[in-house]
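Two complexes are shown next, each including chain A; its partner changes from chain B in the first to chain C in the second.
This part shows the complex of A and B:
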């Protein structure tokens, strides 16, 4: 019982922890309950049971369209970021070279830059000055913010890889590219899947970049939700929130199976 | 290695970041220093003199500081508790902590709108209990923003701390207690110093996150509680004042980097002293 030392008798600490998790989950429970309420305005506790708000979001053109744009942007941005990020992670974990620290810092720099500042800079420079289309700019912005996640996850799954296997394949005459796909890649597929999932959800959830990059026919779901709650107080957003939470749980399940959620506390 | 062929693997990513992150940023920051006659700091002097801007700056700083402090006070005991549980239980706690982190910030802020609003859960409850007869103004206040940002960033603090606290051996605590330290004392003399690295990471993440958050202040703060990030958006998109927005953006970046620098300096000083 070593692992539970100090815990058995400490009722105060247990109580404190339970309270904090109540604080974290009470709002989630409230949202879920209000999503099934029949009233026209959000009521808690709801005075009945109805699925009409779920029907409402799936029949609303506005939400379905921005939902599909969000999915599209997240998938395309993630795939491009993987194509760019996997080779970069491989190069940085495989080789030692001058300036590696600097290059790492450059790849991770988008984490330090406040999202709203980056979003504004893209708008200010790429849209206003370079006149690039909004959709392209949105993709570029999302690729840059998710690249660090991909590099970090892929690099951590390359950590335990024994590169002598790769050398053996090369010395037997396989090309570098072929070796990568036949020898290295199969060993990191679970890392790549996890990277895909985390990058996807981060792009999907993004607000500060996307808020500057809306235009005719281009707007992501979180941005639409934000403008909706400024004017309406009905359970549509609750129902949408429940739908998004189910998506999050699905993604967490895949991440747990591939990378392990303990990755977050490392 | 004959040739540094692997550099080509890094070039696409580096190019993308330099062209679409660095250059736009440099352009945005640089443009604020160009006055009518060459370079000038005039816009920053104006910013510092303007009471309205200073008020917003102070409010943002205050929110970020209180949020960091509250996350620390709530996060330390919780992370400590989680780090002492069995591995299987710990997994469940980690999953419960990661779930809010991966949930959309609009959803998480919206939840507090339904709780704090004038028709919200708290006001309804208090009115049904006849404690108040008119709804209290809870939403669209600075406190609402702080509740929202604590809610947003507490999980981040917890996961940063759990990672470090997990590695603290129970033997150390047993030793401290057998030497006569009570539980609280053992915590401050043994656990706390050893968890400083996680605390620093957590504080940097929470502070910069709360200082630059956009969604939560926008939804929970309303029009009267503007913070720097909502000011950038308002200047740029509502008023079309791109230079003004650039000035505020620069102030945000400089403050964030300064705070990260100061926290890291403090951390290395603490390490030197071997606390």
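This part shows the complex of A and C:
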């Protein structure tokens, strides 16, 4: 097929595409290469090959501890947010009730308000006024910021699910609750998994909120990475970035193998 | 007392506008009754009240002498078939059909037997392990029907079940539904906007308009003797002539043409405005005035439309434009003067 958008015949478009890819991937390639450099400071191109920075991460208590806190917070916050978010999404997509618009806005407000403002106000209330423990505050903060993602993704997969299917189940003798678990949930699992991943990644990567809600003994990996870069300029951070990339690719691989990524584009 | 009674059912979604206005209908056991009407007439709302998805603002729904008005949907044991089929996409044909029985906690062996029996009845033997997306529209419809019937429902409710099928399949499926319904003797309510479809399978038809039932009768009676102008228009009457009563069964148009009708004028005496109506098929174009003595209209051909089997003429007369369907034996052209005969036994007063 010959057309304006035929890559083989449009040099300008090819050039543009290559530029975009370079812009996206060149920094990633540089980070990966510097992670294996032997020098004490990040240098490009690296003057040799060494795995000592990777060893450094896994032997550093500080990184291992914050990594495990980040994972814990992301998993627990995501699960709690799912428990709140899935029924909320269901209620908002299926029922009309008074104050629906207001509740919707409240749920989505954490996306609209700048993260740093939001983080500060949570800090002000939860830690200063209510004096909740740091770990709990961190969890609450993360639940609030990932809730909109969960509600939005789950609501959009509910939207595509014909309501008369639920009515059919009810007419066949299933209560509303049974209908939800036997009929609705199995048909929105792809949405729920997508919501889980999105929420997990958002929680794991979050800086503007976490920075207010971390303190002595409790910190997340991104916060620790930031403060590390302030003092040291060695390739440890590059090595850590590579490790995180591998982790993400690993998750995507497992998801692809078990569900298929095409599952998400449905 | 009938099997089903809807008494003064009033439904409002917003509390202001009534979608159903004191609707009453009785349905006898084992009959198939259609609710027919244009979109927005309240036919689907009526079905949803019966199914239990909508609580009426007022009124009562009685089934087998029991008050069902406030019984929740999942305890009614009515079979429902939806326009979109509404099959469970994540379950096989077998599990789709078995769903209702599983909810009733029927023994596994009995479920298997019942499901296989009903799948044979709907001609889907051997499709047990297929998923809905692997089936054609007609097959999905039959699974939906099997799923609704396997629970041995008290009542079968069909909400425009054929409108997503192509024309050929629709004819076949409606015959199958009728056959099954009669074989099982199950009381059925069928919602449709398709006049022909509903006449072909119903014992009785309720023509609805604006949240009320305009006429509730056998298909034959509705087809030949509609009770209101709305019903007449909906079932294909196209000619409407305003009349005044001047004697027993003798009427006169505003312009002075006299008409005789054999069809009794029922309760039309109480109406302010009398309208005579007749189908285009029932008017004859006559060449010889001796063919008929009365009920004759003179006119001029305006437009001729070819319908395949016959021609339709639009003829302007002193009582307005009249549509006539005539065979191909003699063709009239635009401007031809013609005489129309409106047989007294076909002219209906509404």
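Assume the second predicted complex is superposed on the first by the 232 of 266 C-alpha atoms of A that agree within 3 Å, B and C clash if a C-alpha of one lies under 4 Å from a C-alpha of the other, contacts with A are read in each partner's own complex, and residues count from 1 in each chain.
One rule holds for everything that comes next: a residue touches a chain if its C-beta (ideal position, glycine included) is under 8 Å from a C-beta of that chain, and two chains touch if they have at least 3 such contacts.
Note that this is a predicted model, so its numbers are computed, not measured.
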| item | value |
| --- | --- |
| Room on chain A for both chain B and chain C (clash or fit) | fit |
| Partner chain(s) touched by A:120 [first = chain B, second = chain C, both, neither] | first |
| Touched partner set for A:174, first chain B, second chain C, both or neither | second |
| Touched partner set for A:164, first chain B, second chain C, both or neither | second |
| Partner chain(s) touched by A:245 [first = chain B, second = chain C, both, neither] | first |
| Touching partner for A:186 - first (chain B), second (chain C), both, neither | second |
| Nearest-approach distance, in Å, of chain C Cα atoms to those of chain B in the combined model | 6 |
| Common interface residues of chain A - those touching chain B in one complex and chain C in the other | 176 |
| Complex contacts: residues of chain A adjacent to chain C | 162, 164-165, 167-176, 178, 183, 186-187 |
| Parts of chain C lying in touch with chain A, wherever the complex brings them together | 51, 53, 73-80, 82-84, 86-90, 99-100, 103-104, 144, 147-148, 151 |
| Touch list for chain B against partner chain A, complex | 1, 4-7, 9-10, 12-14, 16-18, 20-25, 27-28, 74, 77-78, 80-82, 84-87, 91, 94-108, 110-115, 117, 119-121, 124, 151, 154-155, 159-160, 162-163, 166, 170, 173-174, 183, 208, 211-212, 214-215, 218-219, 229, 232-233, 236-237, 242, 245-246, 249, 252-253, 256-257, 260 |
| Chain B-facing residues of chain A, complex | 2-7, 10, 13-14, 16-17, 20-21, 23-25, 27-28, 30-31, 34, 41-42, 44, 83-85, 87-88, 90-92, 94-95, 97, 103, 106-107, 109-110, 112-118, 120-126, 128-129, 140-141, 143-144, 147, 151, 176, 201, 204-205, 207-208, 211-212, 222, 225-226, 229, 233, 237-238, 241, 244-245, 248-249, 251-252, 256, 261-262, 264-266 |
